[in-house]
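First the structure, which I've put down as structure tokens, then a few questions once you've had a look.
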Amino acid sequence: MGELLKVDKIKTQFQTEKGPVTSVDEVSFDLKEGETICLVGESGCGKSVTSLSIMHLLDRNGSVTEGSILFEGKDLAKATEADMRKIRGNNISMIFQEPMTSLNPVLTIGDQLTEGIRLHMKYSKTEARKYAIDMLKKVGIPRAEGIIEEYPHKLSGGMRQRVMIAMALSCRPKLLIADEPTTALDVTIQAQILNLMKKLREESNTAIILITHDLGVVAEMADKVAVMYAGQVVEETDVYTLFDNPKHPYTLGLMKSIPHITNPDDMRLDSIPGSVPSVHNMPKGCRFYDRCPHAMKRCLEEKPLLKPIEDKQSHSIRCFLYEKEEQDYENKKLAEKEVSS
Amino acid sequence: MLQYIFRRILIAIPVLFGVTILNFFIINLAPGNPVDMMVNPSATPEQLAMQKHALGLDQPVWSQYLHWLVQLFHGNLGFSYSTREPVTQILASHIGPTVLLMGVSLIVGYLIAIPLGIVCARKQNSWIDYLVTGFSFFGISVPHFFLGLGVIYVFASKLLLFPTGSMNTLGGDGSLMDTINHLVLPVAVLATGIAGNMVRYVRSSMLDVLGKDYLRTAKAKGLSQFIITNKHALRNSLIPIITVIGIDIPMLIGGAIVTEQVFQWPGLGLLTIQSITSRDYSTLMAINLLAAVTVLVANLLTDILYAVADPRIRYD
Amino acid sequence: MPLSEQEKPLLQVKNLKKYYPIKKGVISRTVGYVKAVDDVSFDIYPGETVGLVGESGCGKSTTGRSLVRLEDPTAGQVIFQGKDLAKISNKEMRKLRTELQIIFQDPYSSLNPRKRIGDLLAEPLIAHKLATRSEADKKVNEILEIVGLSKQYKNRYPHEFSGGQRQRIGIARALMLHPKLIICDEPVSALDVSIQAQVLNLLKDLQKELKLTYVFIAHGLGAVKYISDRICVMYLGRVMEFATTKEIFEHPLHPYTEILLNAYPIPNPHMRDRKQIVVEGDVPSPANPPKGCVFHTRCPFAKDICKEKIPTLTGKGHTVACHFPLESVNV
Amino acid sequence: MAMNLNPNKNVPETEGLKSSEQILLQLGEEESYLHMVMRRFLKHKLAVAGLIVFGLIILIAALAPVISPHDPNKIFGEFEAAPSATHILGTDPVGRDVMSRLIYGAQVSIAVGIGAVAIYVALGIVLGLVAGYFGKWVDMLIMRLTDIFMSFPYFMVILVLVSIIGPSLFNITFVIGLLGWPAIARLVRGSVLSIKEMDYVKAGVALGYSTPKILFQHILPNALAPILVNATFGVASAIIMEASLSFLGMGVRPPAASWGNMLTQAESITVLSSQPWLWIPPGLMILLAVLSINFIGDGLRDAIESQNAK
Amino acid sequence: MNRQKSISKRILKYVITSFMALSLVLLAACGGGSSSSSGSSKGKDTIYLGMVNPPSGFNPINTSDIAGQFAIRVMLDSFLDMTSPLKFQPKLATSIDTTDNQTYTIHLNPKAKWTDGKPVTADDVIFTFNLIANPKSTVAVGSNISTLEGLDANGKLTGGKTSIPDLKKIDEHTVSFKTKTPVDPNYIKEMIGTKIITMPQHVLKDIAPADFANSKYAQAPNVTNGPYKFVTYNKNTYIQYKANNSYYLGKPKTPKFFIKIMQAPNLLSELQAGTIQANASGGIGNLPFQDVDTAKKLKNVTTEIHPQIGFQTMEYNTKTLPNPKIRQAIAYAIDRPQIVDKLLKGNGEIIDGPYTSQSPYLDKSTNVIKYDPKKAKQMLKDAGWDFNKTLNFVVPIGNKVREQSADIIVQNFKAIGVKVKETTYDFPTIMQKGAAGDFDLLLIGFTFNIDPDVSALYGPNGAYNFMKYENPKATKLIADGKSQPDSAKRKAIYSQLQSIWEKDMPVLTLYSDNEVVVKSKDLAYGGASSYWPGTVADFQKWAYKK
């Protein structure tokens, strides 16, 4: 499995009435072929902006100002619009949270499906149509031949999301970015969609960036997880390590504050006090400082960096509490280097 | 759909009745009397009474209304009080010019406004956006008569490029060229206003659509900006544009009163003013009725166009 | 909280129906109904929390709103303190409203954006002539403290608060009149995960302190489990199962309940390969619900009788509306 | 389900925000509503310019007796005199000072503009609130009435009505006011229908507030913004309406000075080409007044709409 | 920020350029088709006459407005034409003569025929007279024949009769009739000779008199006897005629003839552009005075200014203003010289009384009241005028100069401290207000005939006597004047009347505005003549220069 995507310390800014606002700062993660990474965090933590930054789909007032996005060795952060057009829908495709609003209401399903197929795969009109029907069948849409002539409003939310998935996977992309694909759906439908995604992932070996706020979905789907808070990745590791051994105070707080049906009956939830800081008013040091039970004086002043720690798996954390582990890891690396050299 | 249209027409009927009632009673509020206007002042009271009787003006208002309504169902809009011509005939000779003038103005206005509006939305806050926005504000703010006088002064009186008024050269060859020549100035005036208004709607509707999720989807598919704008966005922004067109259509009948006056365009507007000054009630009633029918038809047309433009709307 | 048989119910819902007419034609002829709530009955006892769960369109919100007469029921009774809320006059209802309150889902639309928080909270007391302006102000300070907000916030407008804070204000407003019963209509669904816990804990604490009774509406089973004593599972306007929280989670009888519980992703990657029953298809339209058992179109255990006969809610304590409750299948 | 039977009169409004703005908005901004609207409005340079110009016109109207160089009806020896030191903008065909008439003309425009709009906004609000809140047959009746009123071509009916009751300042104000309400009524009704479904109104009901209290304290204040925008544009259109009527001789009658009736004199090639002081100043004044109000309206809408989207 | 600042500036610039661009686009779109409009050298087969007032209709016997009469006279002939005051010229009749001033004989031109080829005969004349006199017909010319034996003051038959007694057919082309008393032959020649339009009996005989006004013929006469035939009327826009090639007075020189209806301000530009060749006279096609100087400078037209018989008045309500001293005082207060010199640019005359300098009956010996506000004020004081009283000053709209003169009059009143309230109404309302006496002062204009009878205005039952003026002496003189057949004696009677009216001052004549007659230099013959009825005398001769 080769490395497919490497996002390195990207920073995304928006020009607003009140001057530039940094929405995403120093976000880094990487992804191998066929691998699934979950970006998890609360609303406003920058997970959607990160994905839109990769695709160059930010609004006109937003842009990636620092860092690099290496996709198959090519830096997307510096790619032109023409380059991106060739990549979008073809190498990287995307599905969105609201299946209701993500499909064009005045074009038929077929229209919307085939236009990407014809563009990227150079199929003729009839070929594209046939292929589109196959794709619809593949995502479990009954009566695909009929549905293809329908307008989106005739479909239920779950069906629309299936259409979105068919559309996204039709050109066999290497990477699929799914931005909260099930948030707007009912649980029984969510289960259907998650199952479908799992099945298709196995069939196509597509890498997935799955954006969600639901730790349950993370546990079901992810290989790797990046926990985001206030525009930064605060913890990144594989899914088992994260659930078995979460380290960052925010990750810990998050896990303890979610009521779940598997929780014991009389367990009282821990809640994280306060709320996410505003972009206009970011703390100078650690962004979790106000809400952290372990906050130290140092956290107020100094910015912690996302650093790997000594652990079973590769596990990076942005917190001073684990400075020692981080140091250990660095020492070990150095030592290894010395040994190897 | 047909059933829907039928139903809409059924609903329009009581509204139309309301319109005629209101119309009739408003006009009957008028002091002064057409008979006073048409009969020689030396006429005796008996003659006046006879005249009023002949016109049915001695009847109570509601009975006059009923009479008028009955005649209406027979396709008879009555006679002009001033020239005794059948009103239908008078209307027939004045509709054409007005529809021609407003029709051309609307088309010219839209042809200018729609592409400009799209460009503005695409290039929001660029110099062309500011230029067009400035133009549109000028268009909606300038009174037609002032602009009309201005263009007459510049293009007709100073440069002698176009005639100052009327629709044809009288007794001329009646050629298209001649009519176009007479159309240019009044159309320029009317189209300025129409385009000014439309540009703003196209721009804002386009801006609105350009921010929608499905355009992001289209972009995420790798489509070019041209296809995104003209296939995905334009069709969606048509719906509010249709609304504006629906509001504009009745202008075909009643939209050019002032401009017709300035350019002496022999249409319904001029007829309205002349009918007012000569207290020609039957003609005024007919014009108002025609205008109201146009509004109702335009509403219906708008609804149908909605359904054409937007598959989500289905009337059943 | 154990269910005590002797106690009189605080509120009784009997055969509640709420149909919305579908109108067509020139004269707006009614051609059908959206059966949002169809024949729902249950009792609520003082001091307990009843959870209403189900997917969107199951009628849980309509049921909740009918309990405080924000909807006029099509049929059935809502009996509160011996009075049928559907029958009493507006004036009488207005008085009763001090006892019955509601908290809404969307903290952005449930507070009038043009009113300062202080006025917003004082308003109920003044409207019911329960206090003078200065008394009300004092009360506002107390309530704000109770819900964990500083009284300095009184002069601010709703949009200056975060979602969690707004929801606290919504709760404070409901508490101003000292109600006995509060309908919580998805109070945490619109909130961020880390904020949900704050609000849930607040609701729990308030219940203990103020001896409140809750009807807690949610589509998230986790929150419902956390806060409810008894749970009512709804589907397409009907009650599928009604039992104590423990019963529902440990011994669900209705296939739908079982499927619902199963559909929730579990935040434990080690359990990701568990066997899961996934139902196919979508929820049918409430304008055109299936005949017989409304769930039969998606039920893996459906038999012919399910297509014909509407199952009645049976059982004592743990009631279920199913021809073939799960245990009988398993047995 | 049948569609709203008359959707076409609702002029499209922009709704929704772009995603990044939404993201930013979620991050919270701490500002009071009025302050926010003010700030946004003041950012709109043209709107501010419009406000200043319109303010000046109001000032001119109010101070007309003080700042006018002459009695607007006084006849001087020189008829149609070219601009000079005594008559900055010359005299008209009846020997009156054009500058003075221009200044007094502002009174007419302002009076009609604001007066007519005040009348129809009041009518529209009451009818719209009643229709929207009570619904059923009341709504049906009021909406059919608006259908009827809106079926008339606005300007034509005003023209006919004014000619019937006699052209005068009061009458045109009254007629425009009488006929303008349906648009406001629909707007208010629409707002009421949507606000009625808002949770804070439901909360008001749940808290046992009386209907008038809910209507006027909870619904109306939240429906005011679009009314304000509509009314602002309404002032502009009423001013144009008055000018057009006066131009056609059906509005303010001479000797009273109105910008519209001053322009009537320009319907002559001689005046157009050799006496520009008789027609360009009143024309420009109308354009300026209308343009400034339209800018104000646009600024207000921008300021209010982006707020409402939040 | 910088960018924001310059926006307003930019916009201003762009507004102008973009508007220009728009116009250019439109220009290009019509492909330079502009040449046809500016050139005056169109086909020489059509003459266009500009008219301001639209005709009220084409009913030959029920059209009281000059515009309508004018339009009818293009296609239907009167017996005689009056080319200048009291100068008659034969037309359909070779002559109207009498020996005793009571029995009159009309000799029709034997060559005259209808456009359908039938000759114009005595039967047609008798039919027309009887139709006018029929009590059931609606007519405007009733009073013109009211002097005939057997007819009442409105020219209607009484007692159920349907034909005028003593109206006799002498032969195919000769008709005679008798008046009640001897009358001035000039009266008959003008009132009957130039005003009664003969209609074809063979076409109209089956139409009931009561229905005639609504008949097709009354809206668009299809069988006529004049130089041109009616083609079409586009309401308020134009009337189109074509030559009647078998016209008995000679084939018209120009095949097509249009009367183009337009607003007065447009006359000049149309004349300049050559799209009309002349304006109509008679108060229905007057060029605005402010355009006179411009017109005089035009190279392609000639401009003449003539006095005319029409005049503008201010009627006093003698019921509310019973004291003639006060009425006279007000006359002194009105600055008529300013109205004529400044408003009319000198193109008018000031007279007291109903006769202008065109009228042979004007008594030039009486002095015109001079503008003297001091005297006026003094006279008012002497007459015990209550200066707190507000006069109701009613002004009709439709005549711009008159409206403007009203503005001046209001200021004149202000100067002497008399309060007036000016209200304006359209003409029909004015007629009502006038008849109801709902005014103190009322502006109204008249154009009567050359015949000096003005009983319609000054007579006790006059249709326009809104003043409710009645002086027994004057009443008697009016009657005498009407029945006096001798011209010289009549003049003496009307001189006497003029001095009585001057003293009683029931109505003040404000001014008589001149008529501006403009015609194209391309015309060899045609255009309005200085006395308007002369304009309609021989349309068949109108022609372009070769």
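For the reader, a short list of remarks on this structure follows.
The chains carry the letters A, B, C, D and E, assigned in the order they are written, with residues numbered from 1 in each.
Assume a residue touches a chain if its C-beta (ideal position, glycine included) is under 8 Å from a C-beta of that chain, and two chains touch if they have at least 3 such contacts.
Listed by chain with UniProt protein names: A = Peptide ABC transporter ATP-binding protein; B, D = Peptide ABC transporter permease; E = ABC transporter substrate-binding protein.
In this text the structure is predicted, and so the values were computed from the model without any measurement.
Contacts with subunit B and subunit E are shared by D. Chain pair with the larger contact count among B-D and A-C is B-D, by C-beta pairs in contact. Spacing of subunit D relative to subunit E, judged by their CA centroids, is 44 angstrom.
A straight line joining the Cα centres of subunit A and subunit B is 54 Å long. The centroid of the Cα atoms in subunit C and the matching centroid in subunit E are 87 Å apart. Subunit C and subunit D, compared by their mean Cα positions, are separated by 47 Å.
The set of subunit B residues that touch two or more partner chains comprises 11, 31, 137-138, 157, 164, 211-213, 216, 277, 316.
Shared interface positions of subunit E, defined as residues touching 2 or more other chains, are 7, 11, 263, 266, 269, 425-426, 429. Each of the following residues of subunit A touches two or more other chains: 43, 59, 276. Looking at the complex, you find that subunit E touches subunit B at residues 7, 10-12, 14-15, 17-19, 22-23, 26-27, 29-31, 33-34, 36-38, 42, 46, 48, 54-57, 59, 62, 64, 138-140, 142-143, 154, 210, 213-214, 218-219, 234-238, 240, 256, 258, 260, 262-263, 266, 269-270, 273, 275, 398, 425-429, 431-432, 456, 463-464. Against subunit E, the residues of subunit B that register as touching in their complex are 31-34, 36-44, 47, 50-51, 54, 79, 82-85, 90, 93-94, 108, 112, 127, 130-135, 137-138, 151, 155-157, 160-166, 169-172, 177-178, 180-184, 187-188, 191-192, 264, 266, 270-271, 274, 277-279. Here subunit B touches subunit A in the complex through residues 124, 211-224, 227, 231-232, 235-236, 309-312, going by the rule given at the top. For subunit A in complex with subunit C, the touching residues are 42-43, 156, 158-159, 186-192, 194-195, 213-220, 222, 239-240, 243, 253-255, 257-263, 265, 268-273, 275-276.
Listing the residues of subunit C that touch subunit D in their complex gives 22-25, 28, 65, 68, 70, 93-95, 97-98, 100-102, 104-106, 109-114, 123-124, 127-128, 157, 159-160, 162, 170, 173, 177.
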